[in-house]
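Every chain is named by a letter (A, B, C and D) in the order it is written, and numbering of its residues begins at 1.
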């Protein structure tokens, strides 16, 4: 019998070792971030991680400020942790990302690491990042895109003209683990998302092991075949978020 | 106000001229074939068409035989027309397809044209065909795949090794028109499919004009944002199938 | 009431009026991506007689204006910066890859984004501020390269008064030769064949006054006129 | 009851028994693609204690056996050849591109397909019959190249008696160096380092008898044994 459920977040990330390459989903909202997987990774202490993320993220302190600035509009979940926490804890060696730094005067934890020479970054546009991850899921080794020539992202890469337009050759990004957030799952690992699906959908299947953090596990057959966004063959582990949030990310879960 | 509805199939295909390049969706079932668009194309008489299809298809006579062979299992729709009809009428100059011929002793209309030297074929595996069409939708000029080297599909194409494995460079296929079949649409052209979505979903957006034949038009807002398979920005025209099938494909519709 | 003291300049447009200038081009049915920051003002002033589909990179198409109170908030319907937006009928949620397929496949009619520098070749720099260790490219490179029309909506000069419309960008490029039109708080300019053509000036401004705060030579259109919102 | 007349050969396995030999390898949770024709027999004999996810190229994952009467038919749940199959809980409908992303991204554990010729290097020819003007590649090239394990299920000899297991394929290749195992109506053979290793023979058959109807030299495994279905 297929059952991809894993009992705890700590167990789900237990084989993510130092130096692992991770795809990390979620973006632009506390409601689509794989927060419990991030917290478990923080507790595990795995270091020297290489990670793809849309954004390096703002970090716990800035997130708190944003939450109170938006308090009249959105009720912020208290169990929100993002990749900035891992940067703050010094667990990230390298990010491949489209937003490495804060805007204006805001300085993010990863940016502090960068400035201190303790981390490195490969800046890439979001489109090529998405396509490179999708290429890994789909078995494409590399592709030519018109986005990038004439800018820093093309440095050292092959440029070739197609119909007179320069294109840059971009390579697939295949990770050891993909950590994503979904809404509902069944025991096959079939996933349904809610809201913009961001990299959460894109990254599923682009790693040796895809781990989905979900709000709810439903019986097999409850998810209609036309409604499933991610087929279970892309997912190796599913962990359900607790109904009662822990007091802090440090609490085993 | 956005309203992509077109009143008739004849009108929907009226600007498909001789020599046009078409993506033609549907495969493996009478219930996902853009049959009315095919019938309208047959009536229009547009010739010298280049077309991508999963299969050249069996043609009206063989389809009838198949329908009666399966009569105890499936009730065959009488308004089923497939690309074989266009081949029989001599409208296809070239197919880019993964199944150009019948199996065993069955000879398809397109195959007869091939044997007579009246048509040509570019045989491609279904995966590279799907990916080349998706590349057009997604703005990728070309990509490297490990599928094809050492076989006829790689003839004349660039081969490059990635991690010691030979890959072939395949180019995007961008058509003038994509003719597809969906289940429900709204006036923005948002589409929901039923059953395996085949090339119908893949081709939407991979042409200058995508035309969707649908079973039903629903009010804007009826299709939940999480359930829409194809966003309306990929679709230019929508035509609703008649509730009462015409007597033959020759009847204006 | 233009300021007529010698050496001083007329008042500039505010962000809402700039947005009204930009949205003149949002035709009925247009698919539009608005950058975070000043371009988001456009969402508030789209004429109600036009259906414009707003696109956001993380997988959202067809949403409404930013919500500034808790009323009507769907916590799953938000744009970058964790800001909830108004859900609309016909809206679609997407994955990041499909969302960028929409951008890179040429399915966006108009992209409106902020700028740090634009030069005479239409090169755009808007991602890497001085002093930051790396660029925040986001989706700007994809949008600027692949949208059918790229509009830059920005203040004409930086906060220190230095020009942002320049002969040659000195900041790292977001994308080369991509800009079609620049809308600032004092002018509307088009990029044409290696020139920046001054099409419209803010009320009270002369072409010479616009030129005086611009870092590139402007070609004044024969029919240069005052910005009108019609 | 093996035929013992000199010069004649023992009886061969039928398609159902061949399928039972193939499905021995379908582990619980395996993702399996079955080719049209003889491999589809496997769907009928999957042991009920194992959950095997069947994949079909046009966008179907997790379906059940072919339906041979109208009972339980969902006209939207079918496989290639317009044949309805049994819907199952956990089933997923997909687009063609995502379905091939599953194949080409290496997410298929086992592919079982028919063959016209397999040679000692594991080259496969199964798409272009003599006399036809072009090959019917379908998804065979993708599956044979990208599945974790490629199994060929075919009769040991063609209808005219000619061998299908050969030194070097003479028909156009579907994919080079892709075959892991061949299951025929008389033997089970593995491709290993440029050799075809004979692992199992049908009841009553000797390795020599199998060799006598084979077009390539077989390496007989030290532990060659009679096919068993356990």
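In the analysis below, a residue touches a chain if its C-beta (ideal position, glycine included) is under 8 Å from a C-beta of that chain, and two chains touch if they have at least 3 such contacts.
Remember, it's a predicted structure, so these values are computed and weren't measured experimentally.
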item: Intersection of the contact lists for subunit B and subunit C; value: A
item: Identity of the chain that, by mean CA position, is farthest from subunit A; value: D
item: Centroid spacing, where centroids are CA-atom means, of subunit C and subunit D in whole angstrom; value: 58
item: Chain centre separation (subunit B, subunit D; CA means) in Å; value: 29
item: Subunit A and subunit B, separation of their C-alpha mean positions in angstrom; value: 35
item: Multi-chain contact residues (two or more partners), subunit C; value: 93-94, 97, 100, 103-104, 146
item: Numbers and ranges of subunit B residues touching at least 2 other chains; value: 131, 134, 138-140, 145-146, 193-195, 226
item: Chain pairs that touch, as defined at the top of this document; value: A-B, A-C, A-D, B-C, B-D
item: Complex contact set, residues of subunit C against subunit B; value: 28-29, 31, 51, 53, 55, 61-62, 87, 89-94, 97-98, 100-107, 146
item: Subunit B residues touching subunit C - in the complex, by the definition given at the top; value: 1-2, 134, 136-140, 186-188, 190, 205-206, 220-221, 223, 225-226, 228, 231-234
item: Parts of subunit D lying in touch with subunit B, wherever the complex brings them together; value: 56-60, 67-70, 73-84, 93-97, 99-100, 103-104, 132-142, 145-146, 172-177
item: Residue ranges of subunit B in contact with subunit D within the complex; value: 27-32, 54, 66, 70, 72-75, 98-101, 103, 111, 114-115, 121, 123-128, 130-131, 133-134, 145-153, 193-202, 229
item: Contacting residues of subunit B [partner subunit A, same complex]; value: 131, 135, 138-146, 162-163, 165, 167, 192-195, 226-227
